[in-house]
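Input: structures, listed below.
Both complexes below contain chain A, partnered by chain B and then by chain C.
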Partner chain A sequence: MSVGFPHFGNVYIPIKAMTKRLGAPDGEVIIPPPITQRTLDLGVKYSPQEACLPYKLTLGSLIEACELGADTLIQARGTGICRLGYYAKGQEQMLQDLGYNAHFLTLDVSHNKFIGIMRLIQDMNSNLPWREIIPAFFFAIGKLFALDKIEKVVQKVRAVEVEKGTASRIYREAINVVDEATGSKEVKEITKEYIHKLTQVPKDPTAKPLKVGIVGEIYVVIEPFANMDIELELGKLGIEVERTMTLSRWIKYSLFLNYLGVDEWKEVHKLAGPYVDHDIGGDGWESVGEKVLYAREGFDGVIHLAPFTCMPEIVAENIMPSTKEDIPVLTVTCDEQQSKQGMLTRLEAFVDLIGFRRRRREHGRRV
Partner chain B sequence: MKAYLGIDVGSVTTKLALLDEDDQLIASTYLRTRGDPVDMVKQGLREIKKQTPREVEISGVATTGSGRYLASVLVGADLVKNEITTHAVAAMQHISDVQTIFEIGGQDSKIIVIRDGVVIDFGMNSVCAAGTGSFLEHQAERLNVRIEDFGEHALRSENPARIAGRCTVFAESDMIHKQQLGYPLDDIIYGLCQSLVRNYLNNVALGKEIQPRLVFQGGVAFNKGIIRAFNEAFDSGVYVPPHNELMGAIGAAILVREEIEIKQNHHKSNFKGFGVSDIEFKTSSFICKACPNLCEISQISADSKVLARWGGRCDMWERVSES
Partner chain C sequence: MVTVGIPRALLYYQYYPAWKVFLEKLGAKVVVSAPTNKSILNSGVMRSVQDTCLPVKVFFGHIISLVDKCDVMFVPAVTSLGKKSYNCSKLIGLPNMARALIPESPPILAPEINCEKGRYNLYRNIYAVGRYFTSNPFKLKKAVEEAWASNLDYQGKMSDEGITPLQAIDCQLSPDVNSSSFTIAVIGHPYIIYDEYVSHRLISQLQKKEVKVVTPEMVSPEELDAATRRLVGVPHWLFESEIIGAGEYYMETRVDGIIIVAAFGCGPDSMMLGIVQHRARELGIPILPFSLDEHSSEGGLLTRLEAFLDMVKRRERI
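Showing the complex of A and B:
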C-alpha cells in the first residue's frame, strides 16, 4: 500500500513524522511535491470549471501523489458543511477516468473526528497496536503545534523587521528543521530557539504597525499557495497579521476539547448572532463572527478570503457590511484566474484606507 | 521653484503631471502607452521638460498605475502608490465635497467611496473588462467611428438600442445583431454607453453606497455619451473635473509633495533627471525553471546592468546584485 494525500499547509509534516516513527517502509507514505503552478494546472484541467479552488488544488495534489505511485488516497469528507462533502467522490471518479485506480480512505470531518483519525492511522499501518500509534500521533501533531506557535511570532515580526523577508526566511528554515526533528524534546527546543531568533531580528522601533485579521474559508486561509502568499505580502507592506484558524487549533478542539464540551467557536458564533444565528455552511458563520470580534478588539481591518463560487463565503460576504461593529473588510476571491498584481493593487489601496482611518482616529478629522 | 512630478503608467495611456508647491499644474502630457511603457515614460519626460521653465527644480517624483513599479525603476521615484489612492487624493484636493468617485480607465474601472475626506471603501473590476475604455475603443473601431467622435454620436441618439451589458462578448454580439436589424448608428452607440454604465453599476459599484457629489474621472470621462448615461442614472448628475485624465498623476504628485514636506530638507529626490529619456533600457523575460511553478520573470536593464526583476512567486529573482 502506498498512501498519498493532498497538501494543505504544513499537514504533510505530522504525516511524515508519524510514518517514520511507526517504522513504515519507504514508499508506504507518499508526500506529493509542494503545490506549484503545475499542481494548479492539473487540478484546473480535470475539475469542473465551477468547482472551487480547494477542490482544484487538492485534486492536482492527489494527481501528483498518484504520479509518484500512490494507490491509496486520503481525503476529507463531511455532511452539511459545504461541497467538501463531495470532494472525495468527485475526485475518485476523476482519478479513475485518468487511469489511476486509487482507493480512497476518507476522513469524516463532521463527526467523531478523533476516532476517525485513529481508525485511519490504523488502516494505514496494518493494525499496529494502539500503544505504538498513540505516542507517535502525539509526537507528530506536536510538530504542527510548534510551527503554528512560531508562525504567530513571524506574523508580528514581518510587519516591523528592518530587512523585509528576514522573518519569512527564518520561518522557512524552522519548517525544515522541525520536519527533520526526531523527538518531542527536540521539537520543543527548536521552537524556543526559533522564537528567540525571531525576537533578535532587527526591528524598526518607531513602527506602530496596522493590524489586520484574516478570516474566511479554512483551506484558502491556511494554504499560502491558495491565497497568493497574502500574509507575506501584507508583511511587506508593514501590516501585522492575526489569524485564528490554524491546523493545530483545529486539532486541539476537533480531536480533543470538543469531546469535553468545549466549543472553540462559541464566542464567535455569539458575536455573529445578531446577523446570522445558524450555520450557513463551510466557515461562513465564523467569518461573520470573527469580523465582529476583530472590530471589537480594535483591529484596523479584516481580510476575508473566499474561494470563487464558495456559497458559504458569498453569504458571509453579503452579511458582513450590515454589522454595527464597523471595520473595513476587503474580500479577496481566490481562484486560478486571479492575478497577483491585481490583488496587490487592492491590498495596497486597502492598507492606505485603514492607515487613513487610524490617523483620523488618532488626530481628529483632518489627516 | 520646487515642483513635484506624478507619472501614471496605465495599460492604455501614460500620463505625467508636474505640480508646483501649491499643487498648481505646471506641465502635463497624455500619451498612448501602445504596449511600450518604457518608451512612453521617456517620451513623456521629454514633453514635460519642454513645457517646464528653466528655474523649476524637480523635488520629488511619484509613480502610479499598473506600470508603477516599472516606471519607478526607470525614473528613480521617491514614492510608488496604487492608483486607487492617487485618484482619491486628487479628487479630494479639487472637489472638497466629493463622496463618490467613478473612475473608468483603459483596462480597469473603480469606484471609490469617500466620507469626511477619507476613503472608506473601494471596488475594482476583477475578471471582466466590459465597461472599460479599451472595450469602447474596440467597438468604435468595429463601427468605424473615431473614438473622439463617439460622444457626439451618443448625444444625438433619441431611441437608444438596448444592448446586453453583462459581458463584453455578449455586448459585442448583441451590438452586431442590432446593426444587422438596421438600428441607426447614433442609437447603437448610445445604447452601448448605457450598457457600459449599467454594467459598471451592477458589477464594480454593486453594494456600494453611492452618495453625491459624484465625480467621474479617468480617460473614459472624455466620452460625452458615458457622461450622459451617468447623468440619466443619477438625479444629482456626475461632475467631470478638469484634467479628468490626469487625476492619477496629479494625486501621485500631491502625495510625494506631502511626503517630502514632512521630511523637510532631509530628503534628496531619487529622480534620475530628464536625461533618463536618452538612456537605452532593455526589457526581457524568461521562464525560471528552478521549480515547477515556471514563473515568468521579466527584467529591465540599462547598460547591460539589470535594474529590476518581477514576476516570481518567490523572492529568488527579486534581489538584484549591486555590481
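Showing the complex of A and C:
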C-alpha cells in the first residue's frame, strides 16, 4: 500500500515525520510535489467547471500523488453544509475515469475527529501498537505547532524589517530545519533559535505598521498557493498581518479541547450574533464574527479570502458590509483565473485607503 | 389582522401550500409577491454581492417588492430536514442576508428548521413563530397539523397526477395531455425550472414543441430517495434527491433526453450535475446542461433547445 494525500499548507511535514518515526518502508507514504501551476492546471482540467478552488487544487495534488504511484488516497469528508462532503465522491469517480485505481480513505472533519485520525493512522500501519502510534502522533503535530509559532513572529517582522524578504527567507529555512528534526526536544530548540534569529533581524524603529486581519475559508487562507502568497505581499507593503486560523489551532481545539467543552469560536460567534445567529456552514459564521472582532480590536482593515462560488463565504460577504462595527474589508476571490498583478493593484489601493483612514483618525481631519 | 408577506421564490415552490395553511389558521392574511419580472430581478441584483447566485438575487428582489405590502415577512431558515443532510448555506443564511441587505424590510419571521438539533428545538422554534400570532398553544398545534397534512396532500397531488407545482398551487387540474411518446426530463431545483422568468418558460416551450415533459416533482419523494441511494449512497444535501435522485430515476426509466437547468455559481449543483452527467454518459442518454444567470437570453436558450431536440429525434429514427 502506498498512501497519497493532497497538499494543504504545511500538513505534509507531520505526515512525513510520523511515517519516519513509525518506520514505514520507503514508498509507503507518497508526498506529492509542492503545488505548482501544473497542479492547478490538472485540477482545473478534470474538475467540474464551477467547482471551488480547494476542490481543484486537492484533485490536482491527488493526481500528482497517483502519478508517483499512490494507490490509497486520503481526503477530508464532513457532513457540513459546504461542498467538502462531496469532494471524495467526485474525485474518486474522476480518478477512476483517468485510470488510476485508487482507493479513498476519508477523514471525517465534522464528527469524532480524534478517533477518526487515530483509526486512519492505524489503518495505514496495521500492525503497530497504540503505544508507538500515539507518541509519534504527538511528535508530528509538535512540528506543526512549532512552525505556526514561528510564522506568527514572521508575520510581525515582515512588516518592519529593513531589508525586505529577510524574515521570509528565515521562515523558509525554518520549515526545512523543522522538517528534518528527529526529536521533540530538537524541535523546541529550533523554534527558540529561529524566533531569536527573527528578533535579531534589523528593523525600522520608526515604523508603525498598519494591521490587517485575514479571515475566510480555511483552505485558501492557509495554503499560500491558493491565495498567491497574500501574506508575503502584504508584508512587502509594510503591513502586519494577523490570522487566527492556523492548522495547529484547528488541531488543538478540534482534536482535544472541543471534547472538554472548550469552544474556540465562542467569542467570535457571540460577536457575530446580531448578524448571523446560527451556523451557515464552512467558515462563514467565523468570517463575520472575526470581522467584528478585528474592528473592535482596532485593526486597520480586514482581508476576506474566499474561493469563487463558495456558498458560506458569499453569505458572509453579503452580510459583512452591514455590521455596525466599521472597518474596511477587501474580499479577494480566489480561483484559477486570478492574476498576481491584479491582486497586487487591489492590495495597494486597499493599503492606501486604510492608511488614509488611520491618518485621519490620528490627526482628526483629512490629510 | 396581520399581513404576512411570502416571497415567490426559492422554497415557495415546495412549501407554499403548507405555509399558507399554517399562517391562515393562525389568523394572518397571506400576501405573495408577483411572479418574477424584470424590475424584481434588477432590484435584487442591485442589492446583493455580485457572486451570489441568480435564485437568491431573485429572492431579494421579491422581498423588496413586498416591503410596503405587509407587516411581517416569513422567511424560514431551513437548515436540515433529515439526518446529516443539510441545505445550501445561502438558504440557511437567507433571513440573515435579507436583514443585512434590505434594512427597510418589515420584521422578518425566521424560524430555524433544523431536525439535526432534535425535536425539542424544532417545536420551540415553531412555537416562537406562533407566539407572534396567538398565545394559544392548541390553536398553534392544530395549525401545524393541518399545514403538514396539506403539505403531504400537495406532494401527493403532484406525484399522482403528474402536474407541476404551479399547476398544483393554482388548482388548474389540467395535467399535460400531450399524447406524445417523446419524453424529456427537466431536472433542476423547483425555484429555477418553475420560475417562468428565470427559466425563460422552458417547460411551456417544450410542451409547445409537442414534447412530454417530466420533472422531479412528478415522482414520489420515496422513489426519488431510493434512486439517490442507488447512485451515490447517503444523501449529503437536503435537495439531493431532486437532482441526483430524479436524474437516476428518469435515466432508469429510459427517457429520450434530459435537460438539466442550473444557476451559474450554484455550489451544490456544480458537484451533483457532474455525477448526473457522468451517469448519462455511461447509459448513453442525451443530456443538455443549461447554466442560467441574469445575462442569459431566451434566444440563445431556444436555439440550443431546438438543436438538442433535433438531435434526440434523429437519434430516435436511427
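One rule holds in what follows: the second predicted complex is superposed on the first by the 365 of 367 C-alpha atoms of A that agree within 3 Å, B and C clash if a C-alpha of one lies under 4 Å from a C-alpha of the other, contacts with A are read in each partner's own complex, and residues count from 1 in each chain.
Everything below uses one rule, namely that a residue touches a chain if its C-beta (ideal position, glycine included) is under 8 Å from a C-beta of that chain, and two chains touch if they have at least 3 such contacts.
Owing to the predicted nature of the structure, the values given are computational and were not obtained by experimental measurement.
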Contacts of A:P48 with chain B and chain C, given as first, second, both or neither: second
Partner contacting more residues of chain A (chain B vs chain C): C
Which of chain B and chain C A:G165 touches, first, second, both or neither: first
Partner chain(s) touched by A:S322 [first = chain B, second = chain C, both, neither]: second
Touching partner for A:I150 - first (chain B), second (chain C), both, neither: neither
First (chain B), second (chain C), both or neither touched by A:G282: second
Partner chain in contact with A:T36 - chain B first, chain C second, else both or neither: first
Partner chain(s) touched by A:T333 [first = chain B, second = chain C, both, neither]: both
Contact residues common to both interfaces of chain A (with chain B and with chain C): 318, 321, 333
Interface residues, chain A side, partner chain B - complex: 33-34, 36-39, 165, 229, 318, 321, 328, 333, 337-338, 341-342, 345-346, 348-350, 352-353, 356-357, 360, 365-367
Footprint of chain A on chain B - complex, ascending: 66, 81-85, 116-122, 124, 126-127, 207, 291-295, 313, 315
Touch list for chain C against partner chain A, complex: 48-49, 51-53, 77, 79, 84-90, 92-93, 96-97, 99-101, 103, 112, 114, 232, 236, 264-275, 278, 291
Touching residues on chain A, where the partner in the complex is chain C: 48-52, 79-83, 85-86, 89-90, 93, 97, 275-282, 284, 308-312, 314-315, 317-319, 321-322, 333
